[in-house]
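Two complexes come next, and they have one chain in common, chain A, joined by chain B in the first and chain C in the second.
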Partner chain A sequence: MVRIEHKRARIIIRFKNSKYEWTIEPRYWRNPLIAVVALVLAPLLIRDYPNLLTLLTTAYIYMLICIPQSWQTVGTGRLNFGPQFFVGLGGYTAGLLSIHYGFGPLQTLPVVILISLAFAALFSPLTIIAGGLYFSLITLLLPLVFLEFTYVYSGIFRGETGISGIAPLINLGTIRLNYVVLCYISLFMTLVYMLLIDKILRSRWGVLYGAINDNENAANMMGVNINKLKVTCYIASSVLVGIAGWFIAHYFGTFAGVTYLPFTMLIKVLLISMLGGRAQIYGVAAGAFFVVFLEDALRSLGAIHYWIFPIILLVFLFALPEGLWGIYRKHKYREYYPTMRVRKR
Partner chain B sequence: MLNIKNVTKRFGNLVAVNNVSLHIDEGEVVGLIGPNGAGKTTLINVICGVYKADSGKVEFNGVDITNKEPYEICKVGISRTYQIPQPFPDMTAVNNVAVAVLGRRDVANMSFGDALLDASHFLQFVGLLSKRDVLARDLTLYEQRALELARALATLPKLLIIDEAMAGLNPTESLRAIRLINRARDEFNLTILWVEHVMKIIMETADRVLVLHYGEKIAEGSPEEISRDTRVIEAYLGEKYALR
Partner chain C sequence: MLPQVVVYTFILGSLYLLVSLGFSLISGVLRVFNLGYGIVFALAAYLTWMCMRDFGLGLIPSIILMVAFQLGITYAMYRGIILRYFEREEILLTALILVANIVEQAVNYKYPIIAGVSIPTTLAPGTLDILGVAIPKQLIIAAIVGLIFTTLFVIFFLKSKFGLITRAISQDPQSSLLMGANVTRFFGYACLLSVIPPIVCTLLVAPVWAIDPFMGSSFLMTAIPISILGSLGNLRGSIISSYIIGFVHSIVSFAFNPRFMGLAALVVVIAVLVFKPEGITRSESLW
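On to the complex of A and B.
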């Protein structure tokens, strides 16, 4: 059965023949603890400003999309240009089930996971047959085709207006309390995503993902089953993005493909993961807060972010290729952490 | 040990490897030589599963490995180094080797920490332990080749295929590399298929030499026999020299 040992700053969990090690080094705990405490306290401090609360929740929603996207970029060695497809899939599945069959959030969740799993499995061979630019181009088409679908079959997807009347995630009576609790739920989900993917990237799988990212043929030659790793990474991360879509649908109570599927959403996703730091999951947090607050600040100027965001993305890609998190990593270098490899040729 | 029967590989109309058969016995060092474009690297790529053979059969210890995936062939016990070193540039040296350790069959449940420890032994063997935390892209050419050897050894191969390990090395470095490979052969009990342009090295180290020319095997024998073979001299230097 499961045996747990404590040995030299490591907790070793054994189950049958498998062994899992969890390194406990309290000297590395300070900064993560400060960050988590700050994030947990923030909603309480700004509970009287619903505007700021929604901004925080929006940042967490972006993180829910971008953290799995970063994992996928590292794990498959390919840049996915259509993570919004699974946001749309999760959102529409949750919404349609809710309004047609009266499903609650907890009942729609397993269906969303199953549907995302099925579609991710269907598209996962792309990670084997297409590489580089071709993978990006094919994945770019997926959400745009889905968007066309929502217009063509507007009887089902309700086109531009979207589905409304989706069962809310929680209802605690007062709106203010709802806002605070929803903010905490999204924060909790974000932290779970971060912890989960951080543990994966720091484990033996992380170094194999790094190898795939650096040179997948050499990794294959050294006995690493790259196809299995790429396909599982694509499927798992896509399901996590699908769950983000589920959260969006139940959080807002409405879901319209036109908000999440178009190209502008992709620019935001890329901006968050690149500006944060080349597909590093902690950088995503920095990037998400930056984008959300910048978007809010520019709101009074109209739809300016359509061209401001791409310009910022381009400037950052050239001026700060390691991203915001990269600056921190440079000064606090500890150990290998897989990131996206930038090919300049 | 390794048995290749009538392997043919075509790229469009070009026949890169034409009906080549060879066998390697356990413990041998076999040299594979040939002029540029003779199909040496293509043959290696067919053995390692990078290219799929159009016809023919590759057997290793009685197991048919024709057209298997590279990672499966690696797990059977064949490992290779590259002509142009292909390390994982953004990883440290020890992580490079750890990937090879984790690709092994016997380590299905090894933790990352244990893999790093295991990788350090191989780095020590090739003399790179002091550079374990240096990024692979910052290593010199000799060090990158040594790293490739450590990576290849970390998969615990039975057959090691060396693809032009001396290219670009100065005489001192070549000598170090040869000593290193010989030591690896003794300590890890390896069989070696050695592709090389530097004739002197092949003549000194190989037990048997195979010569490829335009994708066909034109000669096979001990280094002395090969150095006297008229077809080989013709292939390398032209007809005029063969007649002398």
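On to the complex of A and C.
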């Protein structure tokens, strides 16, 4: 039977052995609710501006990469410098299946998940055997080696031009409607990622991830199965990044490794995480909007924007040591703040 | 194929010594992963070119100016970024990547890839036949200079008082500080020293290898596996791993496809890490 209780400003719903809680006090849910409503309304308000819709979707795509990356940073206690490897894996898997076998997006998705799962499982022992800088350096090399691979086998991966003619995610007849709906799909995926990872990080697993992030040797001594947690976190977060690659391939209808695998993509992913709020999943949203809209605003400067853009980001990196999320966090302080550790210890 | 592999293992291994020495030095002494290391290569080529073409200077004055400028930039990066964010490694690494990106893009803006940079640092034109393999004489000179340079580096760090203090700091900065070493100053010296090998490397290989504004990234990608294999900062390990990676690159280039060099190096690094998680020398100090 379902039992509903009111206890300590919470509504508690009990069903068999499960318990669900809803905090009644508005300060816990008001601001997230306002943010979600604003994000839901935004595509409708800017529906007549395809350029802005595309930018919004691009920001969501970056969030789809950076949110799992933030989770991985916390859960493995290591900074992955090559999340774009799984973007490439997901994108190329979806693209190749689509153009060679005529698979639609829903058919490519399970294959993308399986392939990402297989590669993530293959590389997951790195979270055990390689710590600190070693892990960062090896993961840095992975996408670059993959990029080389796409050049070597340009017959398959089509080298610098990439794969084109990938089945679109949706086709509703009009381009404008497609843009709006695709923006909503990316928003939906982003919210699912956020809620899922937020739920995990607030659960008992989250506490264990926090313990690994702070000091994995101490966590190990306290009886935490750190290897199991690190491996599962790495695999799950990598699969989520792979799904982001799947979305990119079907959203744009083309996929080129030269766009997503090089160092420049890593710079953006890192900056979104850093400027957003140092591995804070909500900070990533702020970071993604900031980086994407700033880059677009600077494009009007011409070729010079390629180096003006990183200069501005560098200034922000120095000026906001806790990122954009840190400004909000000053008012809504949370006790736990994960560390991003890279240095050899 | 065997003579080619042998000869190119020596040539590439010796050149990789120059490529990785500075990176290993910073990793070993400061324990910082210098992601901005690549800009030294691009700046070495393009600043020399700029001084020669735009300011009309001769080769030697251009090189002197370039070295002075590089030392200035490195010191500024050390004071402004490395020292300031030494304990905030996530900011440090991101800032170093950004600086590298800014410099590369600025160089590309001023001198796009199509600009066709050429630096007249050829010491010996033509090729030499070794074991039936024709090798550009310039590469042979570069390899020999790489060996000599590394030897001097090692002797300097093993025999001089400066080297002794640097090695002590690389073993334990806190204890060195307690013993009276000016750790901050020696960190700065290590940063300044780290730019010399890549500058020498760039000037020597410039006549025979392609130069572009983003060349630093590919050199960095070579320095990284060497540094990982060599226990991140151990000079002895870096020397051994330079030749291991040189051998891997040679055998893959001649037996399979040169574009698999990066993949092969990565496989070797991962395989070694499985059995020796801290690299081949098991020592995290400079020597």
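Here is the rule we use: the second predicted complex is superposed on the first by the 288 of 345 C-alpha atoms of A that agree within 3 Å, B and C clash if a C-alpha of one lies under 4 Å from a C-alpha of the other, contacts with A are read in each partner's own complex, and residues count from 1 in each chain.
Keep this in mind: contacts are C-beta pairs under 8 Å (C-beta built on N, C-alpha and C of every residue); 3 or more make two chains touch, one makes a residue touch a chain.
This is a predicted model, so every value here is computed, not measured.
Participant: According to the stated criteria, A:287 is in contact with first (chain B), second (chain C), both, or neither; which is it?
Facilitator: Neither partner.
Participant: Could you say whether A:83 touches chain B, chain C, both of them, or neither, answering first, second, both or neither?
Facilitator: Touch partners of A:83: none, neither chain B nor chain C.
Participant: A:311 in the overlay: touching chain B, chain C, both, or neither? Say first, second, both or neither.
Facilitator: It touches chain C, and chain B stays clear.
Participant: Could you look at A:20 and tell me whether it touches chain B, chain C, both or neither (first, second, both, neither)?
Facilitator: The first partner, chain B, only.
Participant: Now for A:276: first (chain B), second (chain C), both, or neither, which partner does it touch?
Facilitator: neither
Participant: For A:214 in the superposed arrangement: first (chain B), second (chain C), both or neither?
Facilitator: first
Participant: Just to be sure I read the superposition right, which of the two partners does A:267 touch: chain B = first, chain C = second, or both, or neither?
Facilitator: After superposing on A, A:267 lies in contact with chain C but is clear of chain B.
Participant: In the overlay, work out which of chain B or chain C sits against more residues of chain A.
Facilitator: The larger set of chain A residues in touch belongs to C.
Participant: Once the structures are superposed on A, label A:225 by its partner contacts, choosing first (chain B), second (chain C), both or neither.
Facilitator: first
Participant: Residue overlap on chain A between the chain B contact set and the chain C contact set?
Facilitator: In chain A, positions 341 sit in both the chain B and chain C interfaces.
Participant: Show which residues of chain B lie in contact with chain A when the two form their complex.
Facilitator: Going by the criterion above, the answer is residues 48, 50, 69-71, 74-75, 79-80, 82, 86-92, 95, 98-100, 102-105, 108-113, 115, 151-152, 154-155.
Participant: Help me check something: in the complex, which residues belonging to chain A touch chain B?
Facilitator: Interface residues on the chain A side: 10, 12, 17-21, 23, 202-204, 206-208, 210-211, 213-215, 217-227, 336, 339, 341.
Participant: What residues on chain C touch chain A, complex-wise?
Facilitator: 27, 31-33, 88-91, 93-95, 97-99, 101-102, 105-106, 108-109, 217, 221, 224-225, 227-228, 232-233, 257, 259-260, 262-263, 265-266, 269-270, 273-274, 277, 284
Participant: Within the complex, which stretch of chain A touches chain C?
Facilitator: Checking each residue of chain A against chain C gives 79, 125-126, 129-131, 133-134, 136-138, 140-142, 144-145, 148-149, 151-152, 263-264, 266-267, 270-271, 274, 278, 303-304, 306-307, 310-311, 313-314, 317-318, 321, 340-344.
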